[in-house]
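Below is one structure; the comments refer to it alone.
For reference, chains read A, B, C, D and E in written order, and residue numbers begin at 1 within each chain.
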């Protein structure tokens, strides 16, 4: 029964996806209803996840699923983040689609499918399960990215993402193969055994290498980051928000789970992850500083946050791994990023005509509350107290120093200094420059409500970091 | 002997990578990716033989399923691209840059 | 120390209260309907007069006590206490301070009265009295303070008032600049003073930081620290009392109204340095080297200022240089450990110099602010009272026996000789001659001969009574105060010296009568030589000479002002400009600007890498893959 | 011995096919070349006693997927003039090879660490439909279920992206 | 006094500010609300000051666990070290509302926020809580400069913000390092300063952590050569913001060094004190010299403020009770004098619409009251005895002598440097001849007189009766120095830092 409760949220999401798919197939409902249903399923899954409670990592339906699914505190946090992301992406989408009319009922179905894939990804305790879950998630998101078929940039983003994503997927498959060769099985437990007995096994090394390349690609770590700018730019704002948050949460959860399967495995990767984290943070900053488009800047800043999360991965200790730091950071990051994309969803206007920094000049004069919310999100992303982003960064740096990675902690700090530039740049534009337009928006107030809720949650998560 | 299969698999995998980075034709690129997946499959099967367990066969089937799904989507994208520009040159699609 | 006198605190407080009242009233009314001058005059004079009264009371109170117990103190409250440092806002009356108190309040009062006449008609009449009162109050704090830090309050207070009063006619830039100069140069001295006091604290201040405690602990000073303290304190004295190298502000200070010149820049404030050295006699006595430095600086200042005085044309500047010169004498006196002699010269000098200044003020007043002696002449008939009083002052200054200046100067020169400082004595004698010469050059040119400006001469007349009475009183003083400290040679009893003895640590070497006579003779001779030469040259009317060679050099005051300007002021300003225009943006801020620029540059470079071709992105991935493979293949063999 | 000859032949064929894929300018030729590779791979699977996979490789890959690709190529009626110029292809190829040498050598090093054993004789049931099916539905139930999700998503995706709905050029 | 006084002092302004942001009220009402809150805070501050008992420990302590996993707690307290800084934060704010009547609602709201955050930073006794407030207080400043500043406000506001945040973030890393070290040494998490003081830090990173802390504070103070943001920011900021920056925020930098750096890094502090002291003195001279070349009154005061901050910082680095007490006292003294000077410049700007020194002249004749007030504040700023400025400066120089004669001699030049530019400015602005525009200069109105009079009186009172303040801060300073000497001894280096042997060594 307990096991059933544990996978209940997942079942709810899958069920919701199928329901919406069927409704879409028969075109029986309005878009608003579809969005409502989607929100309902996300909310229900969220609630179910909360109800299911949590505990230490354990296998779910070990007999039936042959030990391929795990659940615990960490996966619960990740699932909650994913469900929340789905929920708020739905609210944003609803408003967005009332202005940008390329919608379809399948959109919400795909959103739910993607979420299902993500949750499966976080819970995977076996590589091929993870691979397929990853593909479920990826395929759904590919489609979401390219959903606006009439817009060539969306298609271009789709092409880039799909092509590179499949490319990375092939690495995942090859990595799985090599690990299979090393362990004779693709279960994490088997790999852990090998890692414990022969830590320097070349097959283990090579397999993990290819596997990690794929994961690093998905989270847009340097040097596998280049796609992310263009894809975020080309996708619709709510989709970008969903990708930037939920996807990253899912992949990082898997990443952490894999690294944490055994200390020896983690130990072998500390050095490379160290450099990757450093390069990722700085590359992200350097890309962000040169951008004029908000979405591109946010994409680049997402790279920077990937860097911070990699710092967190460097610092995890496989023996005492709880995922708290990573989970908290993911939640904090998700709240800020989702919020800003929610705001962009309704402020962007038709065809996302307001896209650059300059387009948001003087927003605070005309729409002070929106500007204030965006400011809060930006401050959270920049890590200014008392927002969630601050606490997230605090935890990450704490864990890095605890792990003895002081240099990495300092570099992370330096990187956050660099990131101030472009976050402040938007605030400067919104507050310190005169307004040139009225920023009139149409459509439902859902995105706005979501923005406010997220702004509040940024503070709530920051001031009461209960989940850690 | 099993090693030879694996080496072949690595070679095919590398050739797949080469195809991805050196070609601009969308079809070729996707087929290169298929080639990489095939290479992975070969490794699965060979290792399955090595370990004398049939798990590798199942894994290869799964990879095939994934490859098929990806192919379906990829072909849809190809159609979409063709509708947009009438060309299948990846370099044509570089509106998003900088 | 058991003796207390609560009214001690009142003495400085009275003028300060006067300053507050007049100042506030002036400030509030000057823009609308100013109060009558008489009001300010009366209110302004009450404070000093009452203070003088209390000073007298105090004096007789002390006099009534046994000589060794003549210490009255009053400590209203602890000013501040940090760690071992404990500074009381305390006042100490002892023979030294009571003597200073007497003449400061006395001359101060006279000058207040005089100012009622002199400043009549000035739109800032009230402000003037406020400043004067403030000055007097500060001076009294300086004198009465029971320790160096309280002294410093007065010390800086008089500096501030000096600034305010020099720049009193603030519409003219030169006056304000002169005020600035005075304040800044004084501050240079204060820099030394503060450091000296601080050093003193760490050396011996832990057991109490007032004079008496310091004196008790002074024995434990090491020579290095002790000499450093003495010299640093003397730097303070140099600033306040216009000694080399900080004397430059005093001549410029004549930009202020004449009563100010008389009160502050001749009689009282500038002697604070001498007072301070005398106060710290217990230190200077321990370290004769420091004393010698003081003495030599003093006597050289005396010589230098006397030389400058020879060629000045502004009547007040002549007097100013003579003040500098006389201050030099005083320092020579205290430097050779003849503290009572130095203080006595302070005392007499206050009378005759105030007299001379007030006389000069009367002349200036009569000639409608004409200060150039070469535009005066023959005023003897027109202004007899002024002439005669000034003549007494001049004689006293020149050291004519038996006027006050003669005795005090003689005492200093004799002490120098007696302590074996032959060089100082010789220079002192030369300066005495020069003093007599330039003093009478001034008297002759101003009062004798033919009028050089007929029109002004015809209108000139003696000043009103409120101005002449102080002159007369001061003349009386200038004539007779010397007898208070008549040395044994002339049948006196050195009464001032004996009075001061409890406060000072000094020794009186016993020398033969011959030495004493030599000193007296030399002093008289110098006076005679000087006045004779002056009479020869200027006695019967003279025209302004053309200065050439050394005279020209001296006329321009050895170009010291220009030198200082070129050496300190201009480089200072230029350096400020360099900092704010070059150093700040181009050097100090460079790391910041450079890193910002670098960041943006690198950002643009990365922007270029985002080419937009998906194949290239894959290439990046493969590059990373390749590099990581290279690294990883190191770890397997 | 015979098996080794066969392996060599299939391996060479598959590599040639792969090279052909990379080098042929027209996707059609590339696709045909890839089919060669896939068929050779199927042969290799057979050599490895993977009977079911051998069949699947032929049916699903060489058959279904490749025909789909060929169908689309023909459907779009790709002309040679529509193809990208790809002038710098050789440069990219050479550069790619340079980059890939470390990767491939590393990976080969990795697989060489495996024990150099000859393929052992396996039981007659190895790789059969029944045997693989049992493993699939006993041990690999969860991935199998998820694959259904995957295919569903792919289905919806293909419909959404290429479906016959309002497309405004 | 009720037990949550400090919390109320922190959150009354913060909540008030947030409410103002949200509430649709006019600027007049906003000003009135701000004024009321500032006055309430003032009243509580005075209450705390009067009820403060002069002992070393913390008073008005509040403690409440907040983040258990990292041992972060919401803990507040006031002791002698924070008392005067707190008072500065409580006393000076009502002036802003009184003097500047024409700001927008958002401005007053920001002002409230910054006050609450500052008081929070002053009262926090948990390092993380301090950091929280420390960062928060920058944001309103950022907005105040950016929205209401002068023509060159954008670069100026970005510079101050990024510069100070850079420092703060470095401090964050060091702060976490300290917390982790505590966990490693004592086995439990705590960021409470009392716990951290027990740390025995060593290891290669300690010195880096120390400097990260120091850089953060040095930027805020600002200590040479980290002052380069200051002239632009002070000049471009609206005067009320400049006032807040110079009068309080800079002081919190010094305060932070005393409160957090000294207890945690005793050994490093003692080791590097000479270098830091040199930086303080160099900044004093550098900014003092730069001040003389300024043509803009506000900019000149900005440099002057930086120059004084150098001396205040020096007092902290001298590591003896006189200098430390002097610094703490000077913090309050400088807050009143320079703060008021900035306000005066603001008034002049409102009346004359210019800040160029060249365009003034002869104001003293038109506005004697204003000139007198200005002069008093100016004299306090140059450290004239009888005003608040002297006591602190004297104590610092006195303490500096003990520390190093070389440093003291340089520090002593502040007496000269300060007076040069101030007199020069006073001459050009208040003396000399009036021009057409200054002839129209209006003297202070009654309301303005009543606003400034308390502060002017405070300046004088602090000069004449400083013991009322020093008595309250000295015990805490004693404690602090005792701790420092302990650290210096255990490091075995305190003795070697003197360039010149201290006089005590000669005594026998």
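To be clear about the criterion, a contact is a pair of C-beta atoms (placed from the backbone, for glycine too) under 8 Å apart; a residue touches a chain by one contact, two chains touch by 3 or more.
Bear in mind the structure is a predicted one, so any value in this text is a computation, not a measurement.
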item	value
Neighbouring chains common to chain B and chain E, by label	A, C
Farthest-lying chain, centroid of Cα atoms versus that of chain A	C
Chain with minimal offset from the mean of all protein Cα atoms	E
Leading chain pair when contacts are tallied as C-beta pairs	B-D
Relative to chain D, chain with the most remote C-alpha centre	C
Interchain centroid distance [CA atoms averaged], chain C/chain E, Å	36
Rounded Å distance between chain B and chain D, as computed from the means of their C-alpha atoms	6
Distance from chain B to chain A - Cα centre to Cα centre, in angstrom	26
Chain B and chain C: spacing of chain centres that average the CA atoms, whole Å	96
Junction residues of chain A - those touching two or more other chains	128, 132, 135, 139, 142-143, 146, 149, 158-160, 163, 167, 178, 181, 202, 205-206, 229-230, 290, 421
Shared-contact residues (touching 2 or more other chains) in chain C	607, 610, 612, 614-615, 618-619, 622-623, 625, 629, 632, 636
For chain E, residues that touch 2 or more chains besides their own	none
In contact (per the touch rule at the top): chain pairs	A-B, A-C, A-D, A-E, B-C, B-D, C-D, C-E
Residues on chain C engaged by chain E in the complex (per definition of touch)	23, 26-28, 30-31, 77-83, 85, 89, 149, 152-153, 155-157, 160, 163, 167, 170-173, 176-177, 179-180, 183-184, 187-188, 190-191, 194-195, 197-199, 201-203, 220, 222, 224-225, 572-573, 575-577, 579-581, 583-584, 588-589, 592
In the complex, chain E residues that touch chain C	159, 163, 224-225, 227-229, 231, 286, 289-294, 303, 320-322, 325-326, 362, 364, 366, 368-369, 372, 379, 384-386, 390-391, 394-395, 397-398, 400-402, 405, 408-409, 412-413, 415-416, 419-421, 423-424, 427, 430-433, 443, 464-467, 470-471, 474, 477-478, 502-504, 506-507
Of all residues in chain A, those that touch chain D in their complex	14, 18, 21, 64-66, 68-69, 104, 106, 109-110, 113, 116-117, 120, 126, 128-129, 132-133, 135-136, 139-140, 142-143, 146-147, 149-150, 158, 178, 181, 201-203, 205-207
List of chain B residues in touch with chain A within their complex	6, 9, 13, 16-17, 20, 26, 29-30, 33, 36-37, 39-41, 43-44, 47-48, 50-51, 53, 55-56, 58-59, 62-63, 65-66, 69-70, 73-74, 77, 80-81, 84-85, 90, 93-98
Chain C-touching residues of chain A, taken from the complex the two chains share	159-160, 163-164, 167-168, 200, 202, 205-206, 209, 213, 217, 222-224, 226-227, 229-230, 268, 272, 283, 285-291, 418, 421
